[in-house]
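Got a structure here, written out as structure tokens. Questions coming.
First chain written, first letter: the chains are A, B, C and D, and each begins at residue 1.
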Amino acid sequence: MIVVMKPGATNDQIQHVIDLVREFGLKDHPIYGTDRTVIACIGDKRAVDKGALENAPMVEKIVPILAPYKMASREVRQERTEIPIGSGGATIGGVKVAVVAGPCAVESRDQLLEVAHAVKNAGATALRGGAWKPRTSPYAFQGMHEKGLKILAEAREQTGLAIVTEAMSADMVGLIDQYADVLQIGARNMQHYPLLEAVGKSKKPVLLKRGPSSTIEEFLLAAEYIINAGNPNVILCERGIRTFETYVRYTLPLTVVPELHEQTHLPVMVDPSHGTGHAHLVPPMCLAAVAAGADGLLIEVHHDPEHAVTDAAQQIDPRTFSAMMKHLRRVAEAVDREI
Amino acid sequence: MIVVMKPGATNDQIQHVIDLVREFGLKDHPIYGTDRTVIACIGDKRAVDKGALENAPMVEKIVPILAPYKMASREVRQERTEIPIGSGGATIGGVKVAVVAGPCAVESRDQLLEVAHAVKNAGATALRGGAWKPRTSPYAFQGMHEKGLKILAEAREQTGLAIVTEAMSADMVGLIDQYADVLQIGARNMQHYPLLEAVGKSKKPVLLKRGPSSTIEEFLLAAEYIINAGNPNVILCERGIRTFETYVRYTLPLTVVPELHEQTHLPVMVDPSHGTGHAHLVPPMCLAAVAAGADGLLIEVHHDPEHAVTDAAQQIDPRTFSAMMKHLRRVAEAVDREI
Amino acid sequence: MIVVMKPGATNDQIQHVIDLVREFGLKDHPIYGTDRTVIACIGDKRAVDKGALENAPMVEKIVPILAPYKMASREVRQERTEIPIGSGGATIGGVKVAVVAGPCAVESRDQLLEVAHAVKNAGATALRGGAWKPRTSPYAFQGMHEKGLKILAEAREQTGLAIVTEAMSADMVGLIDQYADVLQIGARNMQHYPLLEAVGKSKKPVLLKRGPSSTIEEFLLAAEYIINAGNPNVILCERGIRTFETYVRYTLPLTVVPELHEQTHLPVMVDPSHGTGHAHLVPPMCLAAVAAGADGLLIEVHHDPEHAVTDAAQQIDPRTFSAMMKHLRRVAEAVDREI
Amino acid sequence: MIVVMKPGATNDQIQHVIDLVREFGLKDHPIYGTDRTVIACIGDKRAVDKGALENAPMVEKIVPILAPYKMASREVRQERTEIPIGSGGATIGGVKVAVVAGPCAVESRDQLLEVAHAVKNAGATALRGGAWKPRTSPYAFQGMHEKGLKILAEAREQTGLAIVTEAMSADMVGLIDQYADVLQIGARNMQHYPLLEAVGKSKKPVLLKRGPSSTIEEFLLAAEYIINAGNPNVILCERGIRTFETYVRYTLPLTVVPELHEQTHLPVMVDPSHGTGHAHLVPPMCLAAVAAGADGLLIEVHHDPEHAVTDAAQQIDPRTFSAMMKHLRRVAEAVDREI
């Protein structure tokens, strides 16, 4: 951490900051420049609230040097983490790009089984489907709940696909854990800490979606919560950020893929369905995500999008999915990956 | 809802959309323009997923007409709602501007009582203080929990100030309800629906903070969740949105105050502490918020900000608070309000 | 400037950066921390491209310490700058809050004179009105050009109000200079450097609007261009930034007012007409801007907004303007200013 | 255009809007819904200021239906436009992906020629290099001006590469036109209309960069200015938008590529150098852009990035460029394109 003093700070004011730095257990190292003084603070105190120093007189700003997360960082582990999902030998984070596909919500047994077989045939790695749906409106369909979980389990039995489904609150984790192969944390809950701690106690891998206004640092700190609670198997998933753009539901910043690979050893997925919000944009962004180095894709597929109960605009049909998978395989090979 | 067809849509494609519209229980009303056809859909079906129509062939876009919330809207209630807080006769939403002040977190009995008396003397309406703290980092101070609630209750007894404190998850609501006068929902939890439903069953007013990337519509839909679950006493609180600006922690969009007063009957507060992130910006933004028509302010005050354990950079000391209150009273009078 | 090395940087890699730092004419000052090395670079070299160092092996990031502008900063001048506008004794930046009002565009002699007299009677300080209009669409009204300037001059003669009007390109500055009292640079041109240099050679004050995605630093660097070219009389004007919000045309970040007063000695105005885009939001944001410490307001007033040719949605009529001015006077007094 | 009335609008207020609609030369078509009235306005009047109606009493909002641009839209031309660049037979917009590479600025004859030969050997289509540089700081290097143009022309002679260079203001267009094969409009000037009109009169193709806070509609309207002035050969170039993200200089929204292909017949390029701001992110985003369907790339290459005078952090060296081109060829083939 580096404290930048305003020009004109007196010796007493500088000393006051040095005293605070020492009080926080850090070593001070003042540097007297041409226009102003800066105080480098040495020592690994990730928990010190940098704001405390900012409130001291004549302090202009505080510049943190260390990333505030540790176990998610490549300082702790250089090689990439490969995470097994389900019991069929599938993994995420290796050479193979994982494709997790399925409807936004489980709507009925027929719907889910039809989509499950279709995505399986087209080469998907795992099946997604929500049993509890966090909906913006209280008047919208909220999911089939445990009945939906049972249908997902049946689809796994029939297809062999691993099941990815969302846990919306800490008290749900126990139940969902009994059915799911991967526990999903939705974007709205990325900073719901009781839930992060609850899935941190599960043995199942966690697919953590980035909040739409979260920085990379906040995203990795959310992963750190889960790892810190005992679960090292965190899969990061970009699903779009909120910007001024209106032709998309969210702006999909694919640069996050190579940047996260620089900063963390955890696998990185991309969700082009939420990340664009419109079916016609999903296939090209799937190709682009894999070209950018994504370890996996999360894709909404529905057998009859015009009658989908949730997020209808962004679901593609099995035919489109299957055609896209053919292109995807070629792009994966072009960047030395497989599908 | 209005469906805009792409130029070149055939009669069959238009008919297909009309069939879907009717299937959803809406009345269709096609308009044939010079370049394209639009289909107005009549009927109050707030729960229809507009995306379903967007996925039909040759549909360009869907334009919703009705706001998706109802009970929070001024269509249902024209006059402003005034909400009593605590048992001392204070309200929010009337002529008096409510000032809710106190530390970010309850850190100790001495700290809280010192700040409580200071803000009471300067004219505050209620006392804020977190007993559970949602922290970005798992390594940061997480709050004093029930012990903190007991200290808040003691402060209420000594000062008569109503207590505002945060509930972080649904299973905490019962406990916090026993101590607090107002239940606060933090910005990170604005779309944590199990929590919204839980406070919706409480008899205490709810202070709902806007998520940093939420639209006004999503904000009012979150309020709608609470009202729909049975609790009409929702206080809205703007606390800054995420933008490209870096000199502030969040950008504080005060325009939201007059706009919310147009769209909803619920009272509107502003939190300039989180909304700026820096102590020197808090007093001017308090004045500006009241000039813009805010019904209340949420302000972080700490007796020793340099040693605050959380959010130190944005807490002002009691002397600054007291000086600001004098100006605030004058600004309130200038816009025909009181403090 | 501080160079932060990645963990694991070798001595050779650190030495390579030190060599580059010395080559750039700066003094190096390495600090060996617990996890990584940082190199403080001492010396006032605002023109060094920090990116050059970022490209060296094992450099993680570069942290600038000095603001890149100088003449606009309070390092050079502590007291606020008060700038005379026109020959009638009006100024901006003193105790009096300047109100610059008038139509978006000069549409006709009758229109402008009617509005000019109305805003004069209500207490405006100066008259605004565009003779060249930068329009998003090539098919939209582009202004009355020199004819419009002559009408503005006539309005000045009749009312005594100083004239503020926009120069859209460097080759226009000479002509506009003959008519205007203040040269306005529009938001779209904030970084059009040939224009900044051209108005930097004028003797007239310059009203510089912030670009909708500009940082404060870029805004002050644009002012620095003008001052550096010879014209110290720069008036800064916030007019809204682009964010994800859709109920406004732009988000108006009033926090910029106190922050700019911290960082620069130049006067700071606010334009709530462009900053909101909707007439009903203009009056409350005028009050809020003055409460936040603004030195002036730029307000669009049209005698018949329903028939305004440009920006009709955000223009208020003279009656609304006059009523707002009464409130504005009271708010100004509450923060020890006058109108 | 559709006018949405507020609930409770009286017949007189509705009639007043209908009168305005007719006055503007549009045909009205009122629809009386369950809660409110909307008035569809029929007729192609792209120049009507929709704000004028918004200011009428009890109007809630105006929803435009027609895109405000015409000649840039696919309503006018369905098939993609392929634009020849230079005299060597290269084009942009066809099956071949155009790679325009070279340094940010022309710094010297040696530098430019070295880079030109390097990118030529690696397979580039054209050479970029700035002779006038719009720089955020007035103290930064501003370019070699006409001397730089002459060096670019020499590089073309030696390598056969077409030359792409920026025109910063209308009065420069004539001179640059004598040297360049493609006139570039920088992001800061996307809405500098005198310049758009000036290049609209040139016979050379124009590479138009998207402004960092421009919507797609504003971007296409800027293209429309150029086409409307007489030059149909406009190449669109995405170079990143401003968002809350800080690990990148700009967020690169690749979704814009398939979306623009939906809305316009003009070719779409991507600039991953400005679009990320960091050399290590450039190669993966080049691959992703081509996978997403980009018709070309604009890439900054410098033979010695550590000593580059401008934008050093985002320039890659010839070795990195050459390695990336090998991958790029494979990705292009995977999506049925060539390089």
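As a convention for this text, a residue touches a chain if its C-beta (ideal position, glycine included) is under 8 Å from a C-beta of that chain, and two chains touch if they have at least 3 such contacts.
From a predicted model like this one, the values you see are computed outputs, not experimental measurements.
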Fraction-based call for subunit D against subunit C, same above half, different below: same
Chain located farthest away, centre of subunit D as origin (C-alpha): B
Separation of subunit C from subunit D, taking each centre as the mean of its C-alpha atoms, in whole Å: 26
Inter-chain centre distance, subunit B versus subunit D - centres from mean C-alpha coordinates, in Å: 38
Set of subunit B residues in contact with two or more other chains: 213, 241-244, 246
Topology of the chain contact graph, where touching chains are joined (line, ring, star, complete, other): complete
Residue numbers on subunit B that touch subunit A, as the complex places them: 20, 46-47, 49-56, 68-69, 134-141, 168-171, 188-189, 191-195, 211-213, 218, 221, 224-225, 228-229, 241-242, 278-279, 305-315
List of subunit C residues in touch with subunit A within their complex: 2, 4, 7, 29, 31, 33-36, 38, 40, 42-44, 63, 65-66, 75, 242-244, 246
Residue numbers on subunit A that touch subunit D, as the complex places them: 213, 215-216, 241, 243-248, 251-255, 257-259, 262, 275-276, 280-281, 284-285, 287-293, 327, 330-331, 333-335
